[in-house]
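As written, the chain order gives the labels A, B, C, D and E, with residue 1 at the start of each chain.
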Amino acid sequence: MKDILTIIFRLTVACLLAGAVMGGAFVLTNQAKRHNAELNERKVMLSLLGYSSVKSAPASLKLHPIYRYLITAKGGEEIGYLLPGGAGEAGMTLVIIDLDGKFVGQRPVALSPEVAKEETKRAAAIQTALGGDGKARYADQTIVVTEGGQRLAYLLPGRFPGFKTFITAMLALNQDFSIRGLEIMESEEDPGLGGEIVQKYFKNQFKAKTLETMRKLGVVKTPLPDEYRRALEADGGAGSGGLSAEQVAKIEAEYSGKDIYALTGATISSRSVTEGVKAMVQKFVYRLGLLDQALKEQKIAVPF
Amino acid sequence: MWTVVACLLPLLFVSVFIFGIQTLIITAVSVASCLLVEVASQKALGRKVTVADGSAVITGLLIAYVIPPGVPYLLPVLGAVMAIYIGKHLLGGLGYNIFNPALLARAFLLATFPVAMTSSWLPPLRGMSIFSRLGRPLDAISTATPLAVLKTQGMAAVSQQFGEVPKIYSTFFLGLRPGAIGETSGLLIVLAGLYLMCRKYITWHIPVSVLTAIALLTWIFGGPDYFGGDPLLAILSGGALLGAFFMANDYVTCPTGKIAQLIYGTGIGALTVLIRLKGGYPEGICYAILLMNPLSSVLDDWFKPRRFAPPLGGVK
Amino acid sequence: MTALLTFPKGGVHPPAAKELTASLAIEVMPVPDELEIILGQHIGAPCTPTVAAKDEVKEGQVIGEVVKGLGVPLHAPVSGIVKGLGQSAHPMRVSVPSLLLATNHEAAPASYARRDWRQFGKDELLKMVHGAGIIGIGGAGFPSHVKLNPPPDNPVDTLIINGAECEPYITADHRQMLEASAEIVEGAQIILKILGIENCWIGIENNKPDAIAAMGKAARESSGPGRITVAPLKVKYPQGSEKQLIQALTGRKVPAFALPSAVGVVVHNVGTTKAIHDAVALGKPLYEKVLTVSGRGIARPANLLVKVGTRVSDLVAYLGGVKPELAKVVMGGPMMGFAVSTLEVPVTKTTSSVLFLTEDEIDATPHSPCIRCGWCIEACPMGLEPKEVAIHVEAGRAQDTAKFGVFECFECGCCAYVCPAKRPLVQFIRLAKMKAKKLG
Amino acid sequence: MIAPNYRRILLLLLCGLFLPMAARAAGLAAKASFKGTNEIVLSLANPADAKVLGDPAHYRVSEEQNPDISLPVAQALVSADRSTVTLSFKEPLNTRLTHLVTLNQGATKKGQAPETFRVSKSYLGYLLSILVSALLINNFVFTKYLGLCVFFGTSKRKDTAKGMGITFTIVMVVSAIMSWFFYQYILKPYQLGFLQVVIFIGLVSLTVQAVDTVLRKVNPTLFKAFGVYLVLVIANCVIIAVPLMLADNEYNFLESLMLALGAGGGFLLALYLMSSARERMDLANIPPTFKGVPIAFIVAGQFALAFLGFSGLKLF
Amino acid sequence: MATDKTSLQLVTNGILNENPIFRLVLSMCPAVGISTTVMNGFMLGVAVLFVQVFSSCTISLFKNVIHPRIRIPTYTLTIATWVTVIDMVLAAYMPVAYAKMGIFIKLIVAFAIITMRLEMFACKESVTASFWDGVGMGLGFMFGMMSLGLVRELLGQGTILGHDVLGFKPLLFFVLPFAGFFCVGLMMAFFNYIELAYRRAKRA
């Protein structure tokens, strides 16, 4: 009996010690983890917008996230957009639009955009704002980029099915909804085949495609022309690949109306990405149109 | 074994007329490198050199028969190393390999050179000289196999490219379509297979069960509706015939018992259809055979031959 | 006749090659000057000589007795003088003890008078069979009186006379069935009487229609006990193997490691049946043997009646010598027999043939690794896996082969015959048996 | 003693290959289902006006996640008995997502509430696809490279492999379920995610201890057979990887069960195949430098090559 | 009982004689799964090194307090604790490398090598000896992972530590995940070969 008690006692002490060590490490690292993750995300976003360590982003550049929620209310489903601004300086606004695109209402949400980055707190604040009028489910997030108060671009994180599993990507659109850049964040495509979607010569093909082109963008299986490939790989970085920046721009412009050249041997992956990007753009444009209309009609002040 | 070689050769000659002299070169490279690797590995491992038994030649021929004829010459050489050295001699030499060496080589090449292995198909010459393709850049003439077209673009595109049913049957049966050497002429494969059967080198169990399973399952699941698939097309397209007659039947890697063989063949057929319809590759028989290979000793273990009579008092 | 009877699983069809001797009547070979009589002719303990050197013996006189254990006595094949004990070459073992006998050519041959065997009882008949030194001369060499006296807990209801003679080349039984059909039938009746049963089958492969006809005629004409039926069998090797023959004729399967009596059957070879007839009806002991000397390597193939103890070299001399193409001398059939390295091997009671084979008739290509084609499994009439045994033996794991049933193998050689890699599977199995026995 | 059970397991495995297809067939009986990628078939409980049904304007179709974006219906085809309607779309649908179809007859029939159909691939099929995926497509040993130490350690003999595989599967399922409960009801609500590793490994040890105690009492023979493997189970990465994956993917209870079963079964399968291959290799003349573990790795690599055949396989 | 080996011997023992990967054939999952680059090998090596050293020291420190009947659970708890700590640190400060190694960091908890060293060595020896033994084992693991990574990265991508060395990509095969099996098998055989040759030379 005494033996067992000793064991229990020592095990408890050991567990407590271990718990303390882990808890301490958690407290110490968690903040850093979040911070680093944010930094990383911001870096990707900026590079998509065309900024790098060489060409740093101007101070007037601001990123405004819009969080989209699905709201199950009595009358059916509605869409809620959580926007910065509107109600007050520190607060945010939930703009509710019904499925047919009609404005339903707006609610002030007591939440600062900084705190809104934490999903749990954001969800709680929205639920409070809605009261008993419905239940909100987080859908996705888009980011409006402004420079000096003017809309510059949009950043769309997205996820779509690839050849094997899902592909996570981030898409940057210009103000006119032409594509500014595409970054593949995560994918598990076959190395050497579909895995090549992360290569510049593939993903840069989407650059500068206009909304019109996007709507009927297809995939062709003809080989990628050599000069186009070089231009794509140069990626605006002048001088590389023996092409000057002007030449690159010229070639890219020349091909901007064309379909996407599929990766050799990975037509399915290529098509998945194309379809995924297309769907992302179309949905976003449709939704932003409705949202902008609502904002304008209701005269809701937003920082973008 | 030389009989099997002889049965495989007509296919090569026909393919030269269909695709050009390219196929002959790639086959020669493949066979030569297999022979070389065989000699080298047997020398290196201090074994008796037995190239004369023809097994390396068969492997060489089969490697060349299952890869696209337009691939760079390095590929069959590397395939030979994988097949003969890693796949066969490291495991103890002839008779001890667990996987079919030629198919192992193909799977290896497909993983290592995905682009070359999926896009170096040659279209039939249709009246051009058999030498006309020498020295021409490949991507200018490469094309897709019917199964790849079917997978990526659907049946309508296949009909458009290769002809309508039933004309497409005869086209495929005679081999006038892009594909590996061994996939082309169904007619010759069937003839060679029947010859081997008559000579009792192979039995009907594996080929029949493989093809039946492929046809049946394609018929049920392969079409837009249930029971709407085209079983004949499924057998004639791709490497189903070569696989059923020459690969699945490989003595070393297939089970010996008849019941085991039937299950094994059915398994190959089912996996082939599964990969073709649901998988990531247009053609599944290569992987289907590889996947069933390790099962063959298990199946043999489960379906042991019936002893004449057990000893009185039961087996201890 | 619709389908011919046969056993269902396995078996092979080697070229019969019986045409060399099938039409040649049995000729009596002159007695050579010296005989070498191996003391251990049968399964069981070898005989102990009852004569000493320089003793004079008469034809048919007992010269060896089994002191302890299972066995039958040995008789002098000819009259002559015992030269002494020697060592003889033996087809299976390296050398075995034997008696040397110098023939006395002047002595009159023994004569035997016919007697009415029907008057004797079972025990007397058995004693006669034992005393005449009868063993299964088809090849096994199992003392016949033991077979004829099955244990009481397994009642026997059927006698099978084995005239299948499925091994290629051999025609000794064939000729005996033609030339001594009445004696064989009578022998079968003797056995039926000893066993106290009625039912008897004579199984003959269908490639010997004349033998089937002759035996059928003899069986119909015979008077006396028993129902004797001649059954034509499908030509398939090893039809003449005891277990396969029993299955073909009765559908019964003899369990592994058991005797035919376990399923109520007794099997005797036609040669043995003839010998039993001679022993019982004439009182003549077993010291002569009909054998086939054949193959394309001998000048004159023949069916010979020879004395037990005759050397192969004497046979060769009598038949005009060997041809230069000779490659291999085999005692017994080509499937199950043993190659001999010397011609100084004496004929024993169980020798059914001596074959002189040329290069064409044997395949001397070296064997290659097993490719697991499974043909041996197809061919094995016992449902075993010869390839696994061979692979295990090659890997030095002979002790593990018992689970593949090596001890059920009777070495018919079907597996080796069909093996495309020419692997000596029977040798592998013999090795496996030896090692597994030693270690198990 | 247990051999016949294994035969049954294999048959089940083979059936497993066909079951998904059968499950798809079962989906046809549902109220609404996909047909191909461009059509949705609705089965109506009570026949309605063909004119209303045939008008695309009465339908609103959207993905469940994106209810605000309605997908234009190109054509609505009503069957003769008015019990089914086939909606066709210009753009292919993403059939992996659940779709909502709302039929609004309100315009003509007053008082009739809009009828909503949920269109999705069958849940049973989804569960099965998790199982088959863990079992074959993403086999933990051959395509995820987990559990290798134990895999190579216990695959020398078939009996050991069987014992290990079965013990492992049992412990796997029990501990995964416990882990799932712990994660869903304790770790997640209280934000103790960082304790995952400790809790999961603790639960595994607990399960092992429990199985040990129960087996010892209930079935000593079985304990003798499997007891030795219990300790090894803890040192197997798969056993801790599965709970971690459950936590990462937020699987529900049934899905977790399927994943655990698949992982365990996949490990058993891999072990069994490998052990039969290694028993065969025992008899082979393997070069001395490769004897033992190196050759086992090479063979495992060949297995992995064969398992590449499953890559990209999508059952549903 | 205290070991009479010096710290250097303890370290080299882990790297050579009892190399966890090539000799003891333990912790093979990452050796196959993520040994595609030198950097991966190094990162996981560092993680294992830390876990091994910390766990060894902890157990060695508390060896007199640990009740023998709860020995194994205590080891598990210790390892799990340190793995969690390392996991959190890496996730916080090296998110990119952490993402590459995926689940393998957490799986260190199931590495047989660590438990084995605790059971065989740390629970009997002094803290210093355990420290050096832990360092040796960790370095041995790191060495194994890095040499595998070197071969695979050089032959697969033509680079070393991300720097282009060959200027071309010899064979994609080596960076493919499943090729890990072949690489480990061939490298083991290679080391066996060296050892056999060495022994033969010594005897001659």
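By definition in this document, a contact is a pair of C-beta atoms (placed from the backbone, for glycine too) under 8 Å apart; a residue touches a chain by one contact, two chains touch by 3 or more.
In this text the structure is predicted, and so the values were computed from the model without any measurement.
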Chains touching both chain A and chain C: B, D
Pair with more cross-chain C-beta pairs in contact, given B-C and D-E: D-E
Centroid-based (C-alpha) most distant chain relative to chain C: A
Central chain of the complex, centres being mean CA coordinates: B
Centroid distance [mean C-alpha coordinates] between chain D and chain A, Å: 30
Centroid spacing, where centroids are CA-atom means, of chain B and chain D in whole angstrom: 31
Separation of chain B from chain E, taking each centre as the mean of its C-alpha atoms, in whole Å: 42
Distance from chain E to chain A - Cα centre to Cα centre, in angstrom: 38
Chain C: positions in contact with at least two other chains: none
Shared interface positions of chain A, touching two or more other chains: 18, 22, 25-26, 30, 163-164, 190, 192
Residue list for chain E, restricted to those that touch at least two other chains: 73, 77, 80-81, 84, 88, 172, 176-178, 182
Touching pairs - complete list by chain label: A-B, A-D, A-E, B-C, B-D, B-E, C-D, D-E
Contact footprint of chain B on chain D as seen in their complex: 3, 6-7, 10, 14, 17-18, 21, 25, 35-36, 158, 272-274, 276-277, 279-281, 283-287, 290, 295, 298-299, 302-303, 305-315
Chain D partner contacts - residues on chain C that touch it in the complex: 391-392, 394-395, 397
Residues of chain B defined as touching chain A within the complex: 112-115, 117-119, 139, 144, 152, 280
Parts of chain A lying in touch with chain E, wherever the complex brings them together: 3, 6-7, 10-11, 14-15, 18, 21-22, 25-26, 29-30, 32-33, 36-37, 40, 191-192
Of chain E, residues touching chain D in the complex: 25-29, 31-33, 72-73, 76-77, 80-81, 83-84, 87-88, 103, 106-107, 109-112, 115, 177-182, 184-186, 188-190, 192-193, 196
